[in-house]
Each structure stands twice: as structure tokens, then as C-alpha cells.
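In this document, chain identifiers A, B, C, D, E and F correspond to the written order of the chains, with residue numbering beginning at 1 in each.
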Amino acid sequence: MKILIINPNSDELTDACIRQKADAFVQGAYEVSVVHVRSTPKLVSSYRDAAAALPEMMEMVLQGSGYDAFIVACHSDPNLDVLKEITDKPVVGIGEASMKIASMYCNGFAIISPSVKSVPKKRTLAGKYYCSELYKGAEVSAGNEEEKLYLAAKKAVENSHVDGIILGCANYANADKYIERKLGIKVFDGVACALIIASGMVMYNSYKRN
Amino acid sequence: MKILIINPNSDELTDACIRQKADAFVQGAYEVSVVHVRSTPKLVSSYRDAAAALPEMMEMVLQGSGYDAFIVACHSDPNLDVLKEITDKPVVGIGEASMKIASMYCNGFAIISPSVKSVPKKRTLAGKYYCSELYKGAEVSAGNEEEKLYLAAKKAVENSHVDGIILGCANYANADKYIERKLGIKVFDGVACALIIASGMVMYNSYKRN
Amino acid sequence: MKILIINPNSDELTDACIRQKADAFVQGAYEVSVVHVRSTPKLVSSYRDAAAALPEMMEMVLQGSGYDAFIVACHSDPNLDVLKEITDKPVVGIGEASMKIASMYCNGFAIISPSVKSVPKKRTLAGKYYCSELYKGAEVSAGNEEEKLYLAAKKAVENSHVDGIILGCANYANADKYIERKLGIKVFDGVACALIIASGMVMYNSYKRN
Amino acid sequence: MKILIINPNSDELTDACIRQKADAFVQGAYEVSVVHVRSTPKLVSSYRDAAAALPEMMEMVLQGSGYDAFIVACHSDPNLDVLKEITDKPVVGIGEASMKIASMYCNGFAIISPSVKSVPKKRTLAGKYYCSELYKGAEVSAGNEEEKLYLAAKKAVENSHVDGIILGCANYANADKYIERKLGIKVFDGVACALIIASGMVMYNSYKRN
Amino acid sequence: MKILIINPNSDELTDACIRQKADAFVQGAYEVSVVHVRSTPKLVSSYRDAAAALPEMMEMVLQGSGYDAFIVACHSDPNLDVLKEITDKPVVGIGEASMKIASMYCNGFAIISPSVKSVPKKRTLAGKYYCSELYKGAEVSAGNEEEKLYLAAKKAVENSHVDGIILGCANYANADKYIERKLGIKVFDGVACALIIASGMVMYNSYKRN
Amino acid sequence: MKILIINPNSDELTDACIRQKADAFVQGAYEVSVVHVRSTPKLVSSYRDAAAALPEMMEMVLQGSGYDAFIVACHSDPNLDVLKEITDKPVVGIGEASMKIASMYCNGFAIISPSVKSVPKKRTLAGKYYCSELYKGAEVSAGNEEEKLYLAAKKAVENSHVDGIILGCANYANADKYIERKLGIKVFDGVACALIIASGMVMYNSYKRN
């Protein structure tokens, strides 16, 4: 099984971060490649950035005959609907996957987010995934470091009484372990969650086609 | 990885049905055992049946040190909340998993159900999993045979314009392939969906504990 | 008319508290008995505690031929669904009743809760009772005393602009009068609310059977 | 305890129907009077009819010093919000009470309604009372007779898989017993449900003022 | 085209405020008149105030043959439903219009409100207009001055991460421009929003009748 | 004022249909141009079609300095979010506008749709616009002719008890008058509704910038 993680952010550091998480998570059980979009800014944060990424992302899926599934690795899930439509293979967004998995293991969640500007859209995204009741707000982190993310998560718990934290950016992918241990509640990273759904759906599709 | 599928129905035929699906789905990638509850009727369909199953199901989880995850294989997800609470290992219900996965791949779904009596509770279950907007009703099947299930699914599509079908009983576990091919829309079986979530969460927990 | 209040908490002080409220509320209009579960901790706060209480609670209902209705007197409403199913007599939870009555007399409510740990589940409970829009959060009280409960209620009003307060624990049953007078907004205790529904439903059932 | 049932319909036959139900339900436990509004048509069915009833209904409440609670006995609950506001005594609508009680004892309900015209507003009313998920549609009855109401209820069950029926008109108040017995699922009449809430709230208010 | 703005508040200062906004907004494109109700307090804030305004408001609409549309210019939209029903001409509330327009241009909004007392009802109003997910709370302004309203809006943004502000009182009608420029997010005044809907619906009705 | 209607369907007949409606609706009050996208099929019906239209649609808005507002004239509102983001001028979708206006004037609506395939997505679209409670299903029309659309609308009313009809395709733009007269309930065409919002928002923006 080969899964292609499409990083909509044109940032090799984000690639590295995603690759590190995928390797540690997958443990060689299947192959994972990471590729980034070139025509976008380093951090995709608007619908316009998503539009800029669209042709490359569609190309990656349409030309990705060597892959069994695709993951969109930006927490705003840019272009997810169309990518799902143009292929019979599984396509999963890290925003979607993190909320769906979280919805099974907590009574409410907060999202840690990289910028104040992106917070209002998180509510709309939660609504798109039928998680309006579970979503109790976002907290902005002062940086990508584990301790800063932990402090934002801690503040979210104090402010909104959630028992789940979602890491709202691909750059946070490796902080789930640290925060969960220190905070004592469930922490969900979208890269891990999307790998769960994507690899599982590859098996499901393979079963259905046999 | 070893996953225990707990069949709350005291019916060995259901065990066999679940085992057949699990084997065909997993293809040896990990180990799956199936065990049924003894103190329940052959088809669990009430809260009382769920209560009768509770002590055995708790025991199976608490004594299940050889397993990495547990699946509750009755579509009403009896005792799921408490089982999740008493162990740090993943516990997944086939009702929950089927609705969560379906919610990622269709705009609306209908549930095929074994009895008129269980239909009103399906609505409440869909609400519990935040799928009220997606759930467009249930259709009762005249039997467990693939063709009968296909006919019920076809009727559901005609009546409620859904583009997804959920098989609402563990005994239907092997009919997804047949119905999906014949009907041309996505069909979701809870056993497959729960295996996706359970095996993935085992990997996630293992990653977090390293 | 005889109503049995089942206290899922194995605490005689809670019994006394419930009995005091029931006596003051009912004023002899009908008979009320209070009995507690023995196989649980003093304060039921988890699904596991609820599971521990299940056999005794079912027994109380099934053997309760002398009673016309049953009330579950823990605000998390443990085992309510199954108890409703195994008898034709009314069964009412104090969590459910308090939210339903409150929903008729305020535009939004907060719940006063005995522990931080139980707060996330209150959101899920509010969702179960279709009160997600009305539920504006919980406030933890530093103790069972009226003044401490009043302070928690006051804080809830300031933080979330509600015009209703729900007392989220059977041990708070006698504080509604004090807080309502001091705070000037509606305060709802579940024991009173459950007695309203239970006694009324006894009359309704009696009417239907004549 | 004295409860005044305000019939917004200027029809003495409706008065008689309500009185018959109240007498059979209350069995002398408390006093119930029925009075109708004079400035409305025989069957209130529009916001304009409600407006016509407003001055009389306010007067009845403001001048009703001899009564402990008031019930609005038209299933569209005309002027309920303002009546609740102008008195400290309980005011209950039969539409509101029937949906709240039904929401505790079924997984979904249909409303039997006297005219096609009033059906769309039932959806809005269900939404007002947070019962959108429970409300599965209305069925129009060809008349007020028990058998005709039963046939409409039967059709509703077949069409929408509900396990609860709400009688959506004060003129249907005495048909609940007949339909419930024949149909085998719960049937809720608003007059009975409103008496439950109103008499219970009188006790609650009396407790709070002592 | 002639539009009548009905000011339910018996305050000529509010008339002037509304007129100033309407003139600046309409720029002579069509005629707008403002008239206030006489039998209400200066600031309508309760259902009782709304009831007091009802006969005059109905008269204004029924006798308003010279007008093509009517606007209810109090943000609680008193008597809106009945006014819509008694005429074929468009009737628009400033509360309704502001929320509907805001829902198209932001991911979440807060309402600036003149009194703590009116805040809980804003939630119910948002629910009535299907804006529960968008409505993230209200902030009370210390006065009608632009700077005070700006400060309340700023606080709302900081507290609830909204990207839209709704001015929740007719007396705030001229402050949208100032706050929007200073705060940098969308600000919606109900008088402007209602004029958009009302004038547009006049054109639509005129088209349909030709 | 000049409004550009962007027709995402590459069909000149649709242009003509839209132009006819706009002319009849606007009556010369402002200028309206219609332009279609060239790189799409004649009837846009998938996310892939929307993606194909994206570059042209963005170009039309970014290069549209001569226009004061833009309307997306396909009822699935392709690319609406990004177009709203890249300009300070109003952008309105006919799907969005039709549902928002309908939500003010009816208790429930059905959508008339050109193909069975597009129906499930209508539910998702209604959810996006917070109209899930109002949306009671879609009916497929056998053609674009007024009588066929009327028959579909009639069937929708009979099946789902709605009091509003939304025409779910730009090609139906001129049928609202015919159906409304014949059916006797409100009928909403998205082109008219979008012109109401777009022209009104131009006035609002112009006011805010003075």
C-alpha cells in the first residue's frame, strides 16, 4: 500500500514535519510519500491559497496511479471535495479526519490554531463536518514548539471545559504525544487520523473490488 | 496486533458472518478473534438485551489483556460508552464507525434495518453520533440475503435520495460488495468500518506510548 | 400514588437530602420513598459507576410493584433508557427532567456541577435531551453549601448570559429556593422537576388505563 | 389549586371537549376551569387569529388572581411567550407541553393536524421547542372522530417510522386513549401534558415561596 | 417605491436615528417614511411591550395602502410573524435581516445589545432565524455613542473570535461605518439590511404581478 | 450600478434565460451583464466542473473593475467562498440567496432540481447555509418547461408539506411567476434573490465608504 500525502503548503519544513510523523506512526506497515504544492505560500490560510493549489493538487491525484490513497495535509482541508470526486481512491483531509476521530473519543474539543485570522473559519469547518456541538472554540498558539502548543491547549481546557484537543495545523503534527502526556486528555493530530482513515479505506476498497 | 470483536448477539451464525467479513477484509494484516455474549437473545434489539450483555462485555474487555482493541459488533452499539471508559485501549462500535465513515463519503445515508421495531431508535443513534442531518431514514429488509438487502437499499435510495447506504446489522456484514456494485452508490458495513478505526487507533496509541 | 426515588449514589446523606426536598415539595400530596444503590461509590460520576448500579436499579424497578413511578436521582441519569424500557410505569431522570422544564422557562441555562471531570459529559447529556442550543456551559461549585452554589451560579450568569440555572447534582436539591431568591433568575432542581413529570405521568397512565 | 384553561378558539364545543378531558384526567385532585376567547374564529389557525385573541388572553391572566396557573389550549400556542412574561404563575401551552413530554418517551413523533394549511407551521413550532430532530412530519385528519384520528396516526407511523403520536388540536383531546390502545405506541394529548406541567409548576412555585 | 419603517419604540430620537440612516443609505433611490408606535415605552424590550405595540402596528400595515413594504425597526422583531401574514407586501424585521445578511458574509457573529436583560432572548432570536451556529454571544454597550459601541464590539471579537458584528438596536443604526473602519471586520446594521431585503422584495413582488 | 452575472455553465441558452429574468426583474433600475464560463460543460453539476470554472471565474472578478457586484448563477454556487474572499465587492450565489430569502418567507421549502444525481448535494448545500431544518427534500423536474416545473413543485408540496419552492437551476429562472400563481405558495428563483442581495450590498458598501 502506498499513500501520498499532499502538503498544500509550499514549505519543505512542513514536509519534513509530516514525514517525521508519518514514519513514526506507520512504522513501515505501508509506504508513505510526502509532496508539497509549489504555487502556494508557505502557510495556506485562505480560500485564495486553496485556489492557487487546486491545479497541482488535482494533477497529483489524477497522475498518482502509483498511489492507493491521498491525504490533504492542511487543517483547512483545501479542495477536499473535488479531490474526492475525481478519483475512486480514498482521499482524506487532516481537518476532517481529526474531527471525526475526536468525535468518537471526547465530549467536546478545542482546536489549536496558528493564527487569530483562521479561527472564525474553524467554526465553519466544524459545521461542515457536523461537529458544531462538539467544537467549543479555538486557541491560538504562540508558536510551533511543543511547550507553546501545550500552553495553548491548557488554556483551551480551562476556558471551555473540553476533554479533547485537536492540533489545527500540519506543522503541529509531532506534538500530540507531548501534550497528551502533560495535559492528561486526548490529543488528536490530523496526519495520524488521516492515515488511519486512508489506509483503512484502501483495505476496504481493495476488499470491495476483489 | 490482535483485535477482539465482541458479538453481543448469542448467535454463532452471526459470529461466522462477522468472522468471514473480518478475514476477507483484514487479509492477514492483523489478528481478529470473534466471541459472542452468552446471556443475550440471538438478536440484541432492546436496551434490556444490552443490559443483559453488560457484565460479560465488561469482563471481556477487562480480561482481554491479550487484545489491543475491541469492537462491539451490534449496530445499536450496546454498552459502548462504558467499555470505552474502562480501558485505555480503543473500543469501537459498528454503528458509530459506519456512520462516521459514511459521513465522510456521502451527502446523506439510509440505514438498512432488520426490524420495524428498531427503526425509531436508529434516529436517536444517528443523533448521538451527530449524524441527524445525514440520516434520511431507515428501510427494513425482508431478510439477510444479499438480494433482499439490495432491494431494501434500492427502495431507500428511491424514497430518500441518499447517496450512501449503511448496513444496520452485523448479520449483513458480507453484503456491502454486492449491493455497492449493483446499486452504484457507496455501501458501508460496520464491521469493516470498525476494523478501520480500531486497527488505526491501536497504531495511534502505540505511537503515543513509545 | 407512590413514587420511588432511586438514588444511584450509595450515600445516605444524599438520600436524606433528596427526602428533605421531596417532602417539602410534595407536601403530602402523594407518597415518596427514597432508596439508594449499595454497589456504587458515594458519588456516581462515571459510566462504570452506572454499570455497577445497573442490576440493583433494574431489580428495584422490576420488583417495585408497590410503586407507580420511578425517579433516577443522579444528574447524569444513569441507566435511564433501559429502566424506561422494562416497565410501563413512568421512569424519569433528574437530569432529563431539569433540562426539559428549564427549556420551557428560560432562553439559556448553565449547569452547576460538583466536579471539573463531569463537565464535558454535561454537554453530551444536554445534546441527548435536545438542549444543545440552550446549554451555555457548566460551572463547578466548591461545595454543596447554598452560598457556594449561589456563587457558582452567579459566575455562570456573568460568564454566559443565561437566564436559568440547573442544579447538576442530587446533593444540591435543597438550594434552588435560596439561589433563585438571591440571584433573581429561575433555578431548577432535578428532584422537583422529576417529581412533576413522574407524578403527572402516573395520572396520565392511570387515565389511559381506565 | 385552581388552574384556568384558556381556549383561544371561540367554540363552546372545544370548551366541552377540553373540560371532559381535564375532568377525566384530574379526577378531582385540583380544580380546573375552562374559558374561551370571544373575539376569535371557532378554530384559531393563523397569527392574525392569535393577535385577535391577545387582549382577552392577557386580561384573563392579569385578572386571574383566583388561579394558580394558566394553560393555553390551542396547539399552535398563541401568545404563549407574552403570557409567560406578564405573570409569575406558570403558563403552559398544549403544543409545547405535548412536545416536551413526548420527547422524553419516544424516539420520534408525528403530529396529527386538522388542516393541510397548518402543517408547515408545525415544523416551525417543533423547531421553537428544540424538537426538530424528533419531529418527523404531520398527518392531516379527515375529522375529529377517534377512528379518523387513529387512521391518520396509523398512516403517520407507516410513513415516517415514529414511535410517538402527538394530537395537534384541542378538539382531539379525548382521543389519546383510543389511539394508543389500537396503535400500540405512545399517544400524547396536549391538554393532559399541559396539566402535568402546570400543576407541577404550581407546586414548585409554592415550594419556592414558602 | 415607498417603504414605511415602523419604529415600535415611542421615541422620536429613535425615529430621527432611523431616518438619518435610511436617508444616507437610500440616497433618494426610493422613498422611506418613519413612524413610531405611541402606546409603548421609549425602548421596547419585552414581549409585553410588543403586545402593547401590536394593534398600532397592525393598523399601520393594514392602512398602509400607500406603501409597498414595511420594516419593523426594533431588533427583537416584535410582531413580525403576524405582520407578514396580514399583507401580501414584504414585511422585514431588522433583527431577522441583519442576521440573514450577516450569515452570508461572516463565519460567526456577536450582537451588541443595549441591556444585560435582553441578552438571553438574543440567543432565542438567533435560533428562530436558524443562526444558532453563527451566534457566538452578545456584548452589552455602555451607551449609544460610536466609541462605546466600538469598544463593546472589540470586546466581543476578543472574547468570541467572531468575524462579524451585528448592531442589536435601532438606536445604533448609524454606527456601522465607524466600527467597521476601526475594527476591520464586517459590521451589520439592521436598518440597512432590512432596506436591502424590503426594497428587493418589492421589486420581486412587482415582477411576479406583471 | 453595474452587476455582472457569471454563468458557470458554458451555455448561451442559459445566458439568455438569465438575461431575460434580470431584465424583467430589474426594469432598468441598474445595469446587469451576463457572461458565461467557456471551459465548463453546458450544465455544471460536479465539483470537477466547478474546478474547471475556477480560473475564469476568478479572472472575471479580479478583472471586473467596471462592476460593483458579482453573482454566481449556478444553483450549486461553485467557487462562491473564494470569490467572496478575493474582492471587497459583494459576491452572491443564487443557491445561497434563494435559500436565505426563502427562509424569511416560508416554514419549509423543497428544491426543484434538474437531475437525480444533484439531489444529495442539495442537502449538503442547505446545511452549509444553515437551512437543514427548512429543507424538506428535492424533486426532479422532467424538463425546463414551466408546466413540468410546476408539476415537480406540486409533487414536492404533496410529499413534504412545504409552503415554499426554490427553483434549483439557473435555467428555471423565468418560471417562478407561473408556478407561484398556479400553486398558490411562494416560489423563489435564485437569480432574482441574488439580484436583491447584490444590489442592496452595493448600496451598503457605497454607504460605508462615503
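The rule we apply is simple: a residue touches a chain if its C-beta (ideal position, glycine included) is under 8 Å from a C-beta of that chain, and two chains touch if they have at least 3 such contacts.
Given the structure is predicted, the values throughout are model-derived calculations rather than measurements.
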item: Rotation in the CA alignment of subunit C with subunit F, degrees, nearest 5; value: 180
item: Label of the chain whose CA centroid is most distant from the centroid of subunit C; value: F
item: For subunit A paired with subunit E, centre-to-centre distance based on mean C-alpha positions, whole Å; value: 40
item: Where subunit A and subunit B are represented by their mean Cα positions, the distance between them in whole Å; value: 26
item: Overlap residues in subunit A, where contacts from two or more other chains coincide; value: 84, 127, 133
item: Full enumeration of touching chain pairs; value: A-B, A-C, A-E, A-F, B-C, B-D, B-F, C-D, C-E, D-E, D-F, E-F
item: Contacting residues of subunit F [partner subunit A, same complex]; value: 46-48, 50-51, 54, 58, 79, 81-82, 84-86, 127-128
item: In the complex, subunit E residues that touch subunit C; value: 116, 119-121, 123-124, 127, 132, 137-138
item: Contacting residues of subunit B [partner subunit A, same complex]; value: 24-27, 29, 84, 92, 96-97, 100-101, 103-105, 129-131, 133-134, 176-177, 180-181, 192-193, 195-197, 199-201, 203-204, 206-208, 210
item: Subunit A to subunit C touching residues, read off their complex; value: 106-108, 133, 136, 160-163
